[in-house]
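Mind having a look at this structure? Questions to follow.
Residue numbering begins at 1 within each chain, and the chains themselves are lettered A, B, C, D, E and F in the order written.
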Amino acid sequence: MKTAFISDLNSEQNITSFFLVCEKEIRNTREGKPYLRLELGDRSGTIEARMWDQFEGAAKDINRDDFIKVQARVELYRNRPQLAVMQVRLAKPEEIDIADFLPATKADVAKLYSQLLEFAASISNPYLKKLVASILDDPSIAAKYKRAPAAKVMHHAYLGGLLEHVISLCGFAKLSAAHYPELDLDLLLTAAILHDVGKLDELCYDRSISYTVEGQLLGHIVMELETVSKAMDAVPDFPANLKTVVQHLLVSHHGQYEFGSPKLPIIREALVFHYLDDLDSKLAAARAALAIDTGEPEWSAYSSALGRKFLRLDQFLKKP
Amino acid sequence: MKTAFISDLNSEQNITSFFLVCEKEIRNTREGKPYLRLELGDRSGTIEARMWDQFEGAAKDINRDDFIKVQARVELYRNRPQLAVMQVRLAKPEEIDIADFLPATKADVAKLYSQLLEFAASISNPYLKKLVASILDDPSIAAKYKRAPAAKVMHHAYLGGLLEHVISLCGFAKLSAAHYPELDLDLLLTAAILHDVGKLDELCYDRSISYTVEGQLLGHIVMELETVSKAMDAVPDFPANLKTVVQHLLVSHHGQYEFGSPKLPIIREALVFHYLDDLDSKLAAARAALAIDTGEPEWSAYSSALGRKFLRLDQFLKKP
Amino acid sequence: MKTAFISDLNSEQNITSFFLVCEKEIRNTREGKPYLRLELGDRSGTIEARMWDQFEGAAKDINRDDFIKVQARVELYRNRPQLAVMQVRLAKPEEIDIADFLPATKADVAKLYSQLLEFAASISNPYLKKLVASILDDPSIAAKYKRAPAAKVMHHAYLGGLLEHVISLCGFAKLSAAHYPELDLDLLLTAAILHDVGKLDELCYDRSISYTVEGQLLGHIVMELETVSKAMDAVPDFPANLKTVVQHLLVSHHGQYEFGSPKLPIIREALVFHYLDDLDSKLAAARAALAIDTGEPEWSAYSSALGRKFLRLDQFLKKP
Amino acid sequence: MKTAFISDLNSEQNITSFFLVCEKEIRNTREGKPYLRLELGDRSGTIEARMWDQFEGAAKDINRDDFIKVQARVELYRNRPQLAVMQVRLAKPEEIDIADFLPATKADVAKLYSQLLEFAASISNPYLKKLVASILDDPSIAAKYKRAPAAKVMHHAYLGGLLEHVISLCGFAKLSAAHYPELDLDLLLTAAILHDVGKLDELCYDRSISYTVEGQLLGHIVMELETVSKAMDAVPDFPANLKTVVQHLLVSHHGQYEFGSPKLPIIREALVFHYLDDLDSKLAAARAALAIDTGEPEWSAYSSALGRKFLRLDQFLKKP
Amino acid sequence: MKTAFISDLNSEQNITSFFLVCEKEIRNTREGKPYLRLELGDRSGTIEARMWDQFEGAAKDINRDDFIKVQARVELYRNRPQLAVMQVRLAKPEEIDIADFLPATKADVAKLYSQLLEFAASISNPYLKKLVASILDDPSIAAKYKRAPAAKVMHHAYLGGLLEHVISLCGFAKLSAAHYPELDLDLLLTAAILHDVGKLDELCYDRSISYTVEGQLLGHIVMELETVSKAMDAVPDFPANLKTVVQHLLVSHHGQYEFGSPKLPIIREALVFHYLDDLDSKLAAARAALAIDTGEPEWSAYSSALGRKFLRLDQFLKKP
Amino acid sequence: MKTAFISDLNSEQNITSFFLVCEKEIRNTREGKPYLRLELGDRSGTIEARMWDQFEGAAKDINRDDFIKVQARVELYRNRPQLAVMQVRLAKPEEIDIADFLPATKADVAKLYSQLLEFAASISNPYLKKLVASILDDPSIAAKYKRAPAAKVMHHAYLGGLLEHVISLCGFAKLSAAHYPELDLDLLLTAAILHDVGKLDELCYDRSISYTVEGQLLGHIVMELETVSKAMDAVPDFPANLKTVVQHLLVSHHGQYEFGSPKLPIIREALVFHYLDDLDSKLAAARAALAIDTGEPEWSAYSSALGRKFLRLDQFLKKP
């Protein structure tokens, strides 16, 4: 099991622990002597590592994205901590707890996913119901849907976070449609379930959360537009105008141009869905900031998604 | 009863109808001949009127904010339509339907207000409950609360509009607190009921909707801050920190500096209330724009609150 | 032939001319008498028209988007000019010159289109060449491509304007790739030819230039993304990464979020293409503003696309 | 007396000096061994400190906000300097010069305050004079008014800074009213004296300058609005409209929404006061930046309040 | 003398009055009949005029920028008022009061200018004194300086307005330098006197206030930069660094990039001068808006320079 | 020759290398012992250096902007690397390769400059041709033109960079004028050659690239305005309007107020030149970011000029 996290390393410390290989290469010193250079990571950050002697075996066996066991000394180099590796080997699967490398939801994912399927099944419009079902029934999508985070840093930034976010939105959409009878619940549920499907491939979350190259070139709105459009084309007799409406729900859900929506919402369901999505994301960001113990009794951690700290209301109100 | 609305007047038309006196003055022509100049209004707009002969009696009897009966001819003057008044007298109260001058909610105001009192009574925190009750029990506030519009043009811009908006928010707040257990329903209800109390005096809505001078100098956030703070001071033992929290809910509810909130929400309930308030207002603006028949089957009227037209979804989807 | 244009009508004038029917409906006067209300248009603007008597035959024969011959008198109504129609009939095709209703390029469209095909044929990458060919060879696309304007008002706002704009871009792209050898000409040409394909259906330009409902819900970037993506899927073995690159060129070509691009250019060709497209559009807008005689010898008309007037350099420099 | 300031500490140095306790807690090492963790501060910054042995007595006696005498060694930990404390005891009052912990004005505060009272006494409007007097005569307000800084970092960020700023504004207001006879000096003086009264409690400046929780929830504009409004209510017969004017002066003095003013100035005195306040603050920020010796002969320190460095004019002009 | 102002013309009125010729051209009717088209102006606005018969003599004698006497009838054409000219002749100089065409200061210009010379003479730095003197002593500059407005619409938009503005700034600069001893009065006075010298040629104010072509291409900052730089070069031994400082004062005086200053103030005198200039301009704009009787007792006219109306404080405070 | 670059220094390393003296001063330790403090630089960065013993000779001989040879040990001080100097002497000219201190173009500068002269000679307008020639023929300008970088960090930030940028612009201008016949090539070439002449003195690039004080006070647009205006005045009979046009090209070339252009382009050549300049600069910035090996195979270094990384297209497309 992992014993030392990168953010906790102290200079001149000897450690034995497990890391993810983020980068690997052979380099030469100025004198021409080769050495092994690695970038290692865990859920707390990344660190440079160098192995100067007897690294040939390691260099052959170890590759990017491998988990390894390392015995090393923490040194300062160019004023930043670095590992001088003495021994290294591939970790055995049973030695690795992926949670040391990637944070994950504490909820029961299987249960969340069956809730999702229930929401999907509750859609009454037959075309939308078939559309959503065809997406969720695709095994490769379903597998990713159960794992994907909702974002890299902004909100729900952990495995299963996207699913949590969508379930919350489906429930809130149901309440909203009950409160505002002018709203079509089927459209809200369709938007909730499909609006972030592009994130399944915009993000990469095998061993750490990052953006894929495709994600950086296109973004999840553009990516899911293609996925969902193809799925609509595959539903027999899917009405052309309804297809346009679903596409509008997807492309307008960020609500403003500067947040990457190429169109503003001009359907009531699109307007409302944007608010629900934004509220759920921001509240999750506040929740995450409040979950971090900063030592300041009345203040959360600083939330970069919100640009501020939140007040711990209970601490503030209980004061004399 | 009113037979001609200002927005419908045609040049060279003879009319007999009722109007509100917005301005009144005696002026002289270049030749030094005095005449009576009025600005008249109804719910569709305003128009200039002049009476050239035998206006002395009228000038004595008629004042700003009076309702009058007018017989006149529509003429063009400096390229704008104007009334040449032939006869005028004060209207009798039974001749006037205030709805011809000020639009009003179609809902049952007494029923809405009793719903409001029920929401207020459902608050469990004793201090907040007393605070809200003391405001709503003030007869002068209650009388205005039953009449006030929520805005001059942006949303719910009709008598009773504020009450409709608040009732909708209370209901939505209840659903939201059920959905997000971390939220304190008492704070959300308090915010919903008190967040626009300043509008009771920021706006003037006796015979038309406009801003008071005080409203333009201070705005409803600053105005209600004083009203509600005094009410909190009058509740025995109201906790100081809770008072600060209520004040924060009021001052932060516009959500951003550029919309006149001097502080951003840093309590979760303040963040969520801002979203609920904004969503309810914007959806009402979309609803109002869709209620206007523009002759374009698929498009609402242009909503200046939203900066765009909305799609009539039913018209769009029913198309072949 | 058309003898009177709407922007030239004077009050109290009797006219006989041809118009496009933009709207048609039967309405009732307050007294309950039915009449025919039309909105008529030509390339200079639109005007309301009413027919009070013997309109039944006309009402049956005439529909939206028909061209009609009208005998009428120009009157002022609610302070705006209006036609009182005396006689009306459907126009015969030979009586109508579409150019009276829609402005068009003065260039030879067939020649421009063959230039376009030459540029398309000059692409050396086999996948991109097939992609572009498959789009341009689609007869329904080609027919629209020869007619479409590049915009409703901003630039090249006339039939054939899009084609002119694209030809100019292709030529400029070729010069740019020669000047900057690091640029891939194939990608620039592909972007030039396909970047506005969505406008073929975002705009409607049968009898006047306006936005389609689909265009307003999705916009041309989203619309062409689907068209072009399907075309790439139909090219055998089209490389997945190349597809992503082409999609990036399309979605990033507006260069900034606030202009509706959901992603900023992060490929050099995308960056450069954005500049070429913007320059060509803005220069065309300046050219159009300068083409209007405003009576001010040194100044162009005000260009809303550019937010300013341009100087007539020749007039300014020739002065003593 | 203090011998070593935090910003001057070097690694591996042994020091004996005085510090303020900013945080205190008992923590456990991974091996479960408890130790004392402190955050210590002085006017130059803050530093972590740990005491590993025999800290029980210290832990009992020492609390947050105490001044202590420390004997320690400077070490690097996780790449940041840290104190390894060997001995610690509470400082005696006579050992502490508060100026080592909080910067203060070099002016004579008593004299400044009597100048303030003179300005207050010069107000001729009887209601405004009573209002200002009632605020300044409140002993708890007066005590804070003599100590408060004008800001945490932006300008006059030292004890007595607020008083200096207000005195400068009063004098400048007098000159301005003489120069622009249309301005009411009483209103300008009232604004000058009361516009930052909320800062007395928005900031906390006992042992360091920071924001209070109430300050972060409400801000000084909202806070002083309540203080001053109550004071106006307590002046017999204070005219209602004059109260509104004073409130407007307070809420509009930041001049723009984005700087936290919920209303823009719409009275000339409010407009002018905003300029005077802004000019005095920004000039003070430039003065402070120029007072720092940066080693660059022609440039001041970077002023974060102004977003730039200022030129040392004397150095620049004296050059050959 | 002028008897009818353009803004007061009524339809179907017969008038005899004096106007400025803004444009003149011969046009043809559709039937090929020539007529004379004029655009006429006075201080209240502009109007189209047409002369259908016997205009040949007029067309020969009358040119742009002439003052003419016109007998005409006011008619509506394309829904805008227009003059049908019956008789026209050149006005005699003694018939024209330029004040009917261009508003002017009510102050004594000769007295203002001698005040300006006194301020200039009070500069103690010999180089700056010579610089300012050389500018003010140039007869062609002095003549314009006595006439120029300070702006077309924003503030001091009348003949002599620039001089009023500069005198006010000089006086205010003197007070400011007395209040803030760190400021160099010589630099402030130099900035005050020279900062708008470019407006002498940026604006054209012979018969109406408008921008010159050069003014639109360069703007007054760039224009005065050349004038003042040449004047500095002509002062023997003017120190190079002092020249740079004066140039900085000129180019930075708008205070922000978006207002056309290519550099932000980084000298204290430049910072302060920007505030004084802005305050004096904005206060003048408020003063002008308050000077217009709008019929609303408590509100000024809308000031486009300030984007709002101002409160009439006296009216507001006097109310019961 | 230089053997160790500052960015490569490791703690506890002994080095012997050459550096530029950026700052020099004698300081005292707390104990009052004097020492020599230097700031040393090379093209990779800067570092503090201290010499504790026998520094008197060095202190006398060595001055700011000297190149020196240093024997020293790398130590950590206040957590930053620092040199403890053991020996130091002035470097001999032959020991220094300026390229170790300032990056430079790899192109043949003499050849580039003769290309520039050819472009200048190709201008056909005699006044513009003489203007450009008079600038380029000035030996002191020519010398700087051959050395100047185009910017400190944004693009072409190396010796000769400005020349490269201008040559590229001249070529691109020629292509653009061929493509858009409405453009005047002479104006484009004049703009290209003169638009950054102010950078010759805005930047200082003797031994490192930085801003001059004059550059910070005025900026290159203002600086070149004076240079070029004087040169136009010196060309006999240079037409006044043409001078204004050239000045407009210079002051508008940043295209927007917020980028320091006091006027927006209102001549077509000014509009187009702004695009060409911006495109060439941004593409150069992308090129520079792509030239840096970051270890990420698909991504360039982060470009602060562009606010993003660029994709390495070749790497991305070659992937399976």
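We adopt the following convention: contacts are C-beta pairs under 8 Å (C-beta built on N, C-alpha and C of every residue); 3 or more make two chains touch, one makes a residue touch a chain.
Predicted, not measured: the structure shown is a model, and the values here were computed from it.
Novice: Would you pick out the chains that touch chain A and also touch chain D?
Specialist: The shared contacts of chain A and chain D, listed by label, come to B, F.
Novice: With chain centres defined as mean CA positions, report which chain is farthest from chain D.
Specialist: Max centre-to-centre separation from chain D belongs to C.
Novice: Using mean CA coordinates as chain centres, what's the gap between chain B and chain E in Å?
Specialist: Centres of chain B and chain E (C-alpha means) sit 42 Å apart.
Novice: Once you find the CA centre of chain B and the CA centre of chain F, what distance in Å lies between them?
Specialist: Using C-alpha averages as centres, the distance is 60 Å.
Novice: Measuring centre to centre with CA averages, how many angstrom lie between chain E and chain F?
Specialist: About 43 Å separates the centre of chain E from that of chain F.
Novice: Residues of chain B touching 2+ other chains?
Specialist: Within chain B, residues 76, 79, 213, 216-217, 245, 266-267, 311, 316 contact more than one other chain.
Novice: Can you work out from the touch definition every pair of chains that touches here?
Specialist: A-B, A-C, A-D, A-F, B-C, B-D, B-E, C-E, C-F, D-E, D-F, E-F
Novice: Can you check the complex and tell me which residues of chain F touch chain C?
Specialist: Result: residues 168, 171-172, 175-176, 178-180, 182, 184, 239, 241-242, 245, 264, 266-269, 271-272, 275, 278-279, 282-283, 286-287, 290, 308-311, 313, 316-317, 319 of chain F touch chain C.
Novice: Touching residues of chain F toward chain D in the complex: what are they?
Specialist: It is residues 23, 25, 76-79, 213, 216-217 of chain F that touch chain D.
Novice: Using the touch definition up top, name the residues of chain B that touch chain C in the complex.
Specialist: On the chain B side, the touching residues are 8-11, 76, 79-81, 295, 298, 311, 316.
Novice: Which of the residues in chain E come into contact with chain F in the complex?
Specialist: Per the stated touch rule, the residues are 213-214, 216-219, 221-222, 225-226, 229, 244-245, 247-248, 251, 257-263, 266-267.
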